[in-house]
Amino acid sequence: MNSNEKISLRKGMTKKGKYTSYLILLILSILYITAFATTPFSVSGSAASPLDTLRRIFIVPITTMDYIVQFPEYIGYMLETIAIAYAGVAVATILAVPVAFLAARNTAKRFSYVGKSILNAIRAIPELIFAIIFVAAVGIGPYAGVLAISINSIGMLGKLYAEVIESIDSSNVDAIKASGGNRIQAMWYGVLPQVLPEFSSYSIYRFEIDVRASTVLGIVGAGGIGAPLILATYQRAWEDVGMILIVVVVFVSIIDFFSGKIRKKLV
Amino acid sequence: MVTRVIEFKNVSLVYPNGHQGLKNINLKINDGEFVVVVGMSGAGKSTLIRSINRMVTPTEGELLIDNENILSYKEKHLRKLRTEVGMIFQNYNLVKRMSVLRNVMAGRLGHTGTLRSMLGLFPQEDLQMAMGNLNRVGIQEKAYVRADQLSGGQQQRVSIARVLTQQPKVILADEPVASLDPPTSHKVMKDLRRVSKEDNLTTLVNLHFIDMAQEYADRIIGLRDGEVVFDGPIDQVSEKTFEEIYGRPIKEDDLLGGDES
Amino acid sequence: MPNLEKNHDSAPTRYPLTPKGFKWYIGSVLLAVLGLYVLSAYQTQAFPDRVIEGLPIMFYFVVEDLWPPNWGYLPRVAMSLLETWNMALFSTTLAAVAALPLSFLAASNINKNPLFYQAIRNAFNLLRTIPEIILAVVFVALVSIGAVSGILALTVFSLGILAKLISETIEAIDPGPLEAVRASGGNVFQVITYGVMPQILPQFASYTLYVLEINVKASVVLGFVGAGGIGIILRQQLNMFNYDNVATIIFMTFLTITIIDLVSNRVRERLE
């Protein structure tokens, strides 16, 4: 073996490979340089010390009676938040099904891109923007929040459902048709049992996300715990922010725990 | 001079779940010997072999390599031991997405400083050695190919090259050809025996098929239920020996066949 | 049916298609789901008919009231969107750098200490329960308003998501190469660099891009509490009922996110 030749761990790159990596490096440098140049990193020293603020957020609310008695009020807001998420995801679950069939390659054939584009467009809009639009259109209140959550959830559920539909094993549909079943029977006994557990599982998963998403809605008047949150922020009432944080963490944890259990059972 | 003698003295192993994997093993494996371990599934072949590099730890007795009891080794000595005892696996255990050469260099990690290895700064002579070892098993031209583009037989050769690059005193091979077809199995076993003899490495191989065992071994050790039920040089081994080890008549399944030599 | 004739004397057994216990079970689950829905709909005043009515309103509102946007406001929007993008870029970078080592501690095949492992897992689970808006408020409270608090909030927010995704990937890798490195005397760091990293690198890159997408969307909210980005001018224009400008913001945000999602998805497809 020729030991004069130096061996390196990686082979010398091809020309094309070199250009590609230079190009990637260039794009990344431009992105980061621009970002560094245009982001104001200045931090105006706030009056209060961070330690005191932390104490006001995390310690005071659970140690002072005046604040502890206010928890039920925030729990009420949290329940409204959960109701918005639940009502929203329920509607979305039903409406996402037809959209998903429109987006799945094996059911919509050539037109699947129509459904896919609609779903992509929906997912490119943050729930807050939907909330702003619905508040402007139907007025302040949780009703606007439910609308925002439903349409936003359709974007994700439709996509996930479509993937489930695309992965359907068509052999048992054929089997039902072969034994003389009609289309409806083929759907009911062939397709539904395959997709139902996964559909439900995804809806429950989306519910977890929507509970978090619904906490935001209140800042534009679409109901839920976001409303007292934004108020507390403007008033710099960090103790109230702390209480809201605790309520949200506790409720979201409980919901995550149970929905995780249910989803495990489903699939 | 390094000797590569492995000695089991009353070695027993009880798994945490209470299962007795090895029962009072007494063996002496000599420098440069090519030993094949046979036995039915569950007999304790893997357990025996994996005790030697402490992938499992016997619970009783002494296991000596070069007259040192390796069972008392802790973290640092243990890693040193493992650099001296190379292992070949049934499923090759290569990183599929990594190049062949990088996979071979993974065998050198025990000899390389942590930081150097994390940055991929291996000494040039180590790389030369890796290439040389790839050459010895006949796949030098695949050095920069991704491991998943190789056939099973080629992948197992990469893992032989990896183990050689480790410069061990002892090679352990746990069913190295169980995932390969008969002709390839024979080629790989021939390579393994050749390099092990060339470097005078003490080698222990677990094999399922008795005709393979007979063809390549200097010496055969038979296990049943964690006990050594046979131990002897290859010229003492006959079909009857295997019937004793297996505790039943030899069947078609116990033979690999397809010897292309 | 001749073959039923055999059990003539004993009363013929009925074979229900679904066992009785299961029927009850399904029935009560459905009832619970429905009951919760009625409660929620009542609480939010969003009964199904109103939702069906309500959803199309958006399209009328968009075409009649929002269109055409005020294009003169575009430069201001572009500036804010750049800030939003920068915040997402920085926070994703920071989160990726921090999440990688932490993910190894949150993977059971690397971190073999069950107590430590559980503690890390639970910490991440807890972290993921906090919505980005609340993180933003907390950081605004701590470091005052501005992009820095937004970056910190998004970093913490995405750290939870990223660490979960990566640690799950690590737990699912082929254990063979790890065993091989261990068996040849490699230490934990070498097991990670030569056994784990090459296996997870594509997913790591892919998840990082995915989190970048999430962060761009999440950063829209932050401005409402003063944590920088497009949300600042969005709130401002909303408060002034300046719907022309709001429309510009909405359309441009939509466009930006679409482009980022598109590019990111392309890259992620190639990574797989």
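We just call them A, B and C in the order they show up, numbering each chain from 1.
Note that in this section a contact is a pair of C-beta atoms (placed from the backbone, for glycine too) under 8 Å apart; a residue touches a chain by one contact, two chains touch by 3 or more.
Note that this is a predicted model, so its numbers are computed, not measured.
Peer 1: Is the way these chains touch best called a line, a ring, a star, complete, or other?
Peer 2: Its topology is that of a complete graph.
Peer 1: Please list the single chain whose C-alpha centre lies closest to the global protein C-alpha centre.
Peer 2: Measuring from the global C-alpha mean, the nearest chain centre belongs to C.
Peer 1: Rounded to a whole Å, what is the gap between the Cα centroids of chain A and chain B?
Peer 2: 50
Peer 1: Could you state the distance in Å from the CA-based centre of chain A to that of chain C?
Peer 2: Distance between chain centres, rounded to whole Å: 4 Å.
Peer 1: Distance from the CA centroid of chain B to that of chain C, rounded to the nearest Å?
Peer 2: Centres of chain B and chain C (C-alpha means) sit 47 Å apart.
Peer 1: Show the residues in chain B shared as contacts by 2 or more other chains, in ascending order.
Peer 2: Counting only residues that touch two or more other chains, chain B contributes 102.
Peer 1: Could you list, by residue number, the parts of chain C that touch chain A in their complex?
Peer 2: 36-37, 39-41, 43-46, 48, 50-51, 54-55, 57-58, 60-62, 65-66, 82-83, 85-87, 89-90, 125-126, 129-134, 137-138, 140-148, 151, 217-218, 220-221, 224-226, 231, 234, 238, 243, 246, 250, 253-254, 257-258, 261
Peer 1: For a test of understanding, state which residues of chain A touch chain C in their complex under the given definition.
Peer 2: So the residues of chain A touching chain C come out as 31-32, 34-35, 38-46, 50, 53-54, 57, 79-80, 82-84, 86-88, 90-91, 95, 120-121, 123-126, 128-130, 132-134, 136-138, 141-143, 145-147, 150-151, 212-213, 215-216, 219-220, 223, 226, 229-230, 232-233, 236, 238, 241, 244-245, 248-249, 252-253, 256.
Peer 1: Enumerate the contact residues on chain B facing chain C in the complex.
Peer 2: Interface residues on the chain B side: 53, 55, 79-83, 86-87, 89, 91-98, 102, 106-107, 109-111, 114, 117-118, 159, 162-163, 166.
Peer 1: Which part of chain B faces chain A closely enough to touch in the complex?
Peer 2: Chain B residues touching chain A: 99, 101-102, 105, 120, 122, 124, 127-128, 130-132, 135, 140, 143-144.
Peer 1: Where on chain A does chain B make contact in their complex?
Peer 2: Touching chain B: residues 1, 3, 6-11 of chain A.
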